[in-house]
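The structures come next, written out as C-alpha cells.
Look at the two complexes coming up: chain A is in both, with chain B in one and chain C in the other.
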Partner chain A sequence: MSCLRVLILYFNTMKIFTALLLFFFTAGKSHADIVVIGNLKNNLQSLNSVQVEDIFMGRTRSLPNGHFALPVCQSTLRPVFYQKLTTKPIEQINAYWAMLAFRGQISPPMEFPDDNSVLSIVNENRDAIGYIDSRNVNNSVRVLLRLN
Partner chain B sequence: MIKAKHHVLPFLLSVMTFVTDVAIADNKLSAWSLKGFGTLAATGTDSNKIGFYRDKSQTQDADSGWGITNDSQLGAQVDWKANESLQATVQWIARDHAGNFFEQNLDWAFLRWSVQDDVDIRLGRLGVGVFSLSDYRNISYAYPWIRPPHEFYSTIPYYHIDGADITKKFSIDDGYLSVKLYGGYSYNQLPTQTSGIHNQQSPATGANISYEKGAWQARLGYTYATITSNPPIQDLLTPINSPLFTQYWPDIKQLIPAMTMRGKEYHFGSIGVAYDDGIWLSQMEAAYIASNTLWSPPRSSAYLSIGRRISTVTLYSLFGIAKTFQNDVNVPNPLVPNPALLAYQQQFSRILNNNGINEQSVSLGARWDFYNNMSLKAQWSHYWLGDHNGSRQWQQSVDNTTPNAVNVMSTGIDFVF
Partner chain C sequence: MNLFNGKNLHHKLLGYIFLATFVFTSIATFISFHIEMNHANQKAQVMIDQLIDTIEPTAAIAVYSNNVQIAEDVLNGLLRNNVVHKAIITSDQGLSLEKTKGTQTDHQQEIIRELFSPFGTRKSIGQVSVTSNAAFILSEAQDAAQTNAIQFFILVGLTLLFMLLLVHSLFSKPLIRISNTLRNILAGEQESIEPLEDNKNDELGGLVININKILALLTTKLSTQQVLRKRVEFAEKKLRNIFESTSAGLFLLDKDGKILTCTPTLLKILSYEDNHLIAINGQDFASLFFKEPMQFQQMMQNALEMEQLEAQDLMLHNDTKEHPLWVHCLVSKIIDAFGVTRFEGVVFDISNRVASEKAMHYEANHDSLTGLLRRNAAELQLRKHLSSAKSASTIVLLLDLDGFKAANDTYGHDVGDIVLIQSARRLESCVRHNDIVCRLGGDEFLIILFNCDPISTGFSIAEEIIIAIKKPVAINKNVSVNIGVSIGIALFPMHGNNVETLIKSADEAMYEVKRKGKNGYGIKNKNGIISVSRPAEHTYGVRH
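Up next is the complex of A and B:
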C-alpha cells in the first residue's frame, strides 16, 4: 500500500511540475513569428508562401532561381512552422514525409535543434533555406518570408 | 504477446531518442542519414477453417489463434548524399517473406542521379510501383489502414525489381505532373500450392502518370511482365510423365502447357484517385490484370476508402472487391476408371481450379496519432468469399471446406524515426 501511495504522490508531483514547465515554456513564445531565411550570397530576395510550401513539402527541389534548394528544419519550431504553412498538424506532415522518404523519392529536410544552428547552416551554405523565431534573426542571413 | 508490447514500446522510444540525438549531435550537414519505420501488430480471425495472409509472399497465416507476423515489420533506411545531385539509398525490412530472408527483404538499394531539378534517374534495386501504394506497402504509418486494401494488393506479392527508372516532373496549372518509366528484372520467391517455393523471374517494364493539385491526386499506371521461370510442379509432372499414365491416361499430357509459367504474360492496368484536405480523406483504385497463366488467372479489383479526421483520430471505412475471370479447367478422363487414377484426377482438378479470387469486404477502423511519430490502429474487416475463391490470398483447410464469410481483426502500433 505504501508503494502505491508513493507512486500516486510521484505522479501528482510530476503533473504539477509538467504544468508549470508548460506554462513557462509557452508563456511569451506563443505569439512569436517565424521567419524563413536564406543566404546573403544567394540572389533570392524573397519567397511567397506557396514557393516555401513547395520546397518544404518536397514538391520541388529547386529555388525559383534554379539552384538546388537545401531546406533545413528547426526541430522545436517544426510543428508550428508546418501548421502555419500548410494548416496541417505535424502528424499528417510526418506521415506524408514518411511516404516520400521511404519510397526513395526525396529525403526530408535535415533537422537542427535550435535557431543558432539553423542560422549558422544558412549562413554557411549559399542555397540553404531555413526558418527561425523572428526575434533571433540577425544580419548574417536574409529574411525571405515572414509567417504569422 | 500483449505483455511483449509493454516491453517493446519503451525500448523503441529509447532507440528513437538515441537515433535523433545522433542525427542532431553537431551543427553540420551530414552526408549520411539513418531512418526507420515499423509496425507491431496482432491479427486474428474468427475461423480456424481458413487462414488470412496480408499477401501471398508470406509463409504464416493468421487464424483464430492470432499472430503477429502478418502485419508486423521493422525497416531501416540509410541514405548517403554524395553531392546535391547524387544519392545512394538502401532499405531493408524484417518481415515474413518466403525464400531468402536477407535478399528478399532488401527492397531498395539504388543510386539516384538528379539530372536536373525535375528529372531523376535511379539505378539498382527499386520498389515495385505497379499501383499507387505498391512501393510503400510496408510503411503503415503513411496510410490510414492497418494494411493496404486486401483485394487490391494481396494478389501482387512483388516488392522489388532490379533495374532503372526515370521520373520527369512538370509544373502545370498550380499542380505537379509526374511521368515515370521503369524497367528491370524481378526476382521474387513465392510460396506455391505445390510443395516448394517458386523462384519467380520476370523481366518487367511499365509507366505511370500522376497529377497532384491541392488536395487531389490522380494516377494512371501500366506494367507488362513476362515470366521466365516455372513453379515447382514436379510433384504433378512426375506422375503425368510416368509410363502408367502414358499408357492409361494419355490425354492428361494436354494439361502440361497450361501448368507451366515460362513464357506467360501479365498486363497490369490501373487507375486511382485520392483526396485529402486534412479533415476528409478518400482514396479509390481500380485495376485489371490480364494474364494467360492458370496459376494466376485474369482478374479485376477495386477499392474505395473514406475517412474523417477528428483531432488526432482518423475514422475510416474501406470497401473492396476482387474477382477472377477464368473457366474451370477440365481434367480429361483416364482411359480406364482405375480408382487410383480417379483419385489423381480429383486431386489435379482441385489444385488446378484453386486459383480463383472471389472476394468482397467491408472494413471499419480507427487510427489514433497519439505521438507525433507514432500511431495506434484498430481495424475490423468482414470478408465475403464467393464460389471459386481459392488459395491465392487465403490458407485453406485440408478438406477445402472454406467458410463463405470471415471476420479479420487487427490492432497495431506504427512508428517512424
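Up next is the complex of A and C:
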C-alpha cells in the first residue's frame, strides 16, 4: 500500500513539474513581441489595437490624423501579427482578403519579406504603417503599438 | 336531394355520409388552413433565421469593410429565396442597401439581426433586416391545407366505399332477399322465408324467424277465416235468394216516406219500368207508385201514431181502365239500431183478385141480358143518393113495355131478348150520362134521373123515351117488332122521401097510364089524381 502511495505522490510531483516547465517555455517564446511602427515625420504618436485592426483589415484607409494610411505586412510575422490582432487564424484572414480582392475594390496590404525591408519602407513613406519584431526596432521609426 | 330519396337504403346512407364527409372535410380544411398558416409563418421565420445565419459572416464582412458589392451580393442571395420579400443591410459607417422582390400583400414582421465585427471585438457594426414574403407563406399554407384536404378526403372516401360495400353485403342484400320473399308470399307463391345463411345468429336472422312466426299465425288465421267466410257467403246467398226471389215486395222507407231500399220483386209488382234499382232510392214512395198518394201517406201517419200494422188495398199509378192494378200494402213503423224512425212494409199483387172481385161485383149488380143495373143495385144507389146532400130534384121513372108479351109469344124468346136488349140501349141513349137505367125484371125498367131541374127536363126525357121505344125493332129483313112503353113518374120529395114510396107512387102512375091507353107518362098531382100525358103526334114525324 505504501509503495502505491509513493508512486502516486511521485506522479503528482512530476505533473506539477511538467506544468511549470511548459509555462516557462511558452512564456519565453512569447517574449518576442510585435510592434506596430510608423514614420517619424508622421505626427501620429500612438494607435490602439482597434485602430490598427481597422487599418490592416481595410476597414479604414485613413489614419486618425486624416492621412491616407499605407499598411505594409512582414511575411514571416504575418500569421502571428493577425493572430494577436484579431485572434483569428491566418487562413481566415486570407479568405477575408480573397473575398474583398475578388470584388476588386480593395487589396490586402503589401507584403515584405523581413523586418528590414519593412523598416526601410516605413522610413521612406510618411504614412506607412508596418510591424516588426520588437527586437529589431531602432530609432528611425516610431513605435505606435506594442502587441504581446 | 335525389340522393336522399334513393330507392336503396345504402344509397341513402351513402348520401348522408357523403354530406357529413363534405361538411367535416370543409371544417377540417378550414382549421387545417389556419394551423398551416401559423405553421408556415413559423417556418418562414425559421427559414429566414437560417438564411441570415448563412449570410451573417459575409454580411458582417460587407458591413465591416463597407463593401457595397458584397452587401449587394448578400442581398441578391437572400432575395433568391422565395420566402424573402425584402432585405436591408445597414452599417454604422453609413452603408445602407435595400432590395425588394414582388409586391407585398400583407404586412409581415421584419427579422433584424445585429452584425458584429468579424474580428475580435463584439461590437455592433450594423444590421441585416429581412421581411418574409406574405404571398409565399399564404401559398405554402394553401398548398399544405389542400394536400391535407385531399388526403383526408381520399381517406374518408375509401373508408366510405368500404362501409358502403359492408352495408350492402351485410344489410341491403339480406334485406332485399327478405323483401323479395315477402313479395312472393303476398303473391301467394311461398309461405315462409328461407333462413339467411350468413345472418343466422344476428338481428336479421331474428327478423326472419319473427316474420315466419307471424306468417304461420296469419296462415292459420286466414284458413279459419276462409272457412267462416264461406259459411257467411253461403248464408248470405241463401238470404239473398230469399230476398230476391220472394213474391212479396219488401221496402224500407225513411221517416218522410223516401225509399231507402226495396226488393226487385217490389218493382215487378209495382210495374216500375226503370231497371235501375238505385235510381228510385230517395224518391217519394207514395207519389211514385200510387194513384192516390194521400191514402198511403195516411197509412204512414196512422202507423206512426197508432204504432200498429196498417193494411190497405191501393190502386197503382199506372193503372189502366182495362187492367186495373191493385196491391195489398202493409206498413209498420220500426226504430232501427241507431234510434232512427223508419217504415218497413210489404206489397202483394192483388190485381187478379180485384179483377175477379170486380167481375163478380159486376155480375151481381148487372142484368146478364141487357147489361143494365139490377134492381137491388139501383135501389142501393138511389137510397145512397137520397140520403146525400144532393138529393133534391131526383126523378124516378117506372117503365113497362107495351106489347112485349104479345111479341114474345108471337116470335119466341129469342126475339123477345133482342127486343129487350134493343129497348135497353134506346133507354140508355135517351137519358143523360149520369142517370141510371135499371131492369127491374121481365119488361119492367126503372130510370133514376139525378139533379133534374127543372122538372120539365124529366118530362121531355119521358117523351123522348116513348118516341124511341115506339120505333120498330128490326129482327131481320122480314120481321120487325112494334112495341110501346108506359111510364110512371115520381118526384122526390113530392111523391115520397124514400125509395119504396117513390117507386110505389111511380108504379101507381104507370098503371094509370096503362089503363088510359098506354104509350104515355103519368104523374100524380097534388090532389092525388094521376094525369097522363103523351108526346104530341107531330113530334113523331120530327123524330123520324
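Going forward, the second predicted complex is superposed on the first by the 117 of 148 C-alpha atoms of A that agree within 3 Å, B and C clash if a C-alpha of one lies under 4 Å from a C-alpha of the other, contacts with A are read in each partner's own complex, and residues count from 1 in each chain.
Here is the rule we go by: contacts are C-beta pairs under 8 Å (C-beta built on N, C-alpha and C of every residue); 3 or more make two chains touch, one makes a residue touch a chain.
In this text the structure is predicted, and so the values were computed from the model without any measurement.
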In the superposition on chain A, see if there is space for chain B and chain C together, and answer fit or clash.
-> clash
Name the contact category of A:Arg59: first (chain B only), second (chain C only), both, or neither.
-> both
Identify the partner contact of A:Ser134: answer first if only chain B is touched, second if only chain C is, both if each is, neither if none is.
-> neither
Thinking of the overlay built on chain A, is A:Asn123 touched by chain B (first), by chain C (second), by both, or by neither?
-> neither
Given the touch rule stated above, what does A:Gln83 touch, chain B (first), chain C (second), both, or neither?
-> neither
In the superposed arrangement, does chain B or chain C reach more residues of chain A?
-> B
Thinking of the overlay built on chain A, is A:Met99 touched by chain B (first), by chain C (second), by both, or by neither?
-> both
Thinking of the overlay built on chain A, is A:Ser75 touched by chain B (first), by chain C (second), by both, or by neither?
-> first
After lining up the shared chain so the two structures overlap, which partner does A:Pro113 touch, if you call chain B first and chain C second: first, second, both or neither?
-> first
Give the one stretch of chain B, out of 297-305, 351-359 or 405-413, that collides with chain C after superposing.
-> 297-305
Where on chain A do the contacts with chain B and the contacts with chain C coincide?
-> 59, 86-88, 96, 99, 103-105
Using the touch rule from the top, collect the residues of chain A that touch chain C in their complex.
-> 50, 53, 57-59, 85-88, 96, 99-100, 103-106
Note: in the complex, chain B contacts chain A through residues 23-24, 27, 29-30, 33, 35, 37, 75, 77, 79, 81, 84-85, 87, 89, 91, 108, 110, 112, 114, 117-118, 120, 122, 126-127, 135-136, 139, 141-143, 169, 171, 176, 212, 278, 312, 369, 372-373, 375, 416
The residues of chain A that touch chain B in their complex are 59-62, 66, 68, 70, 72, 75, 79, 86-92, 94-96, 98-99, 101-105, 107, 110-113, 116-117, 120-121, 125, 127
Which of the residues in chain C come into contact with chain A in the complex?
-> 58, 61, 64-67, 69-70, 118-121
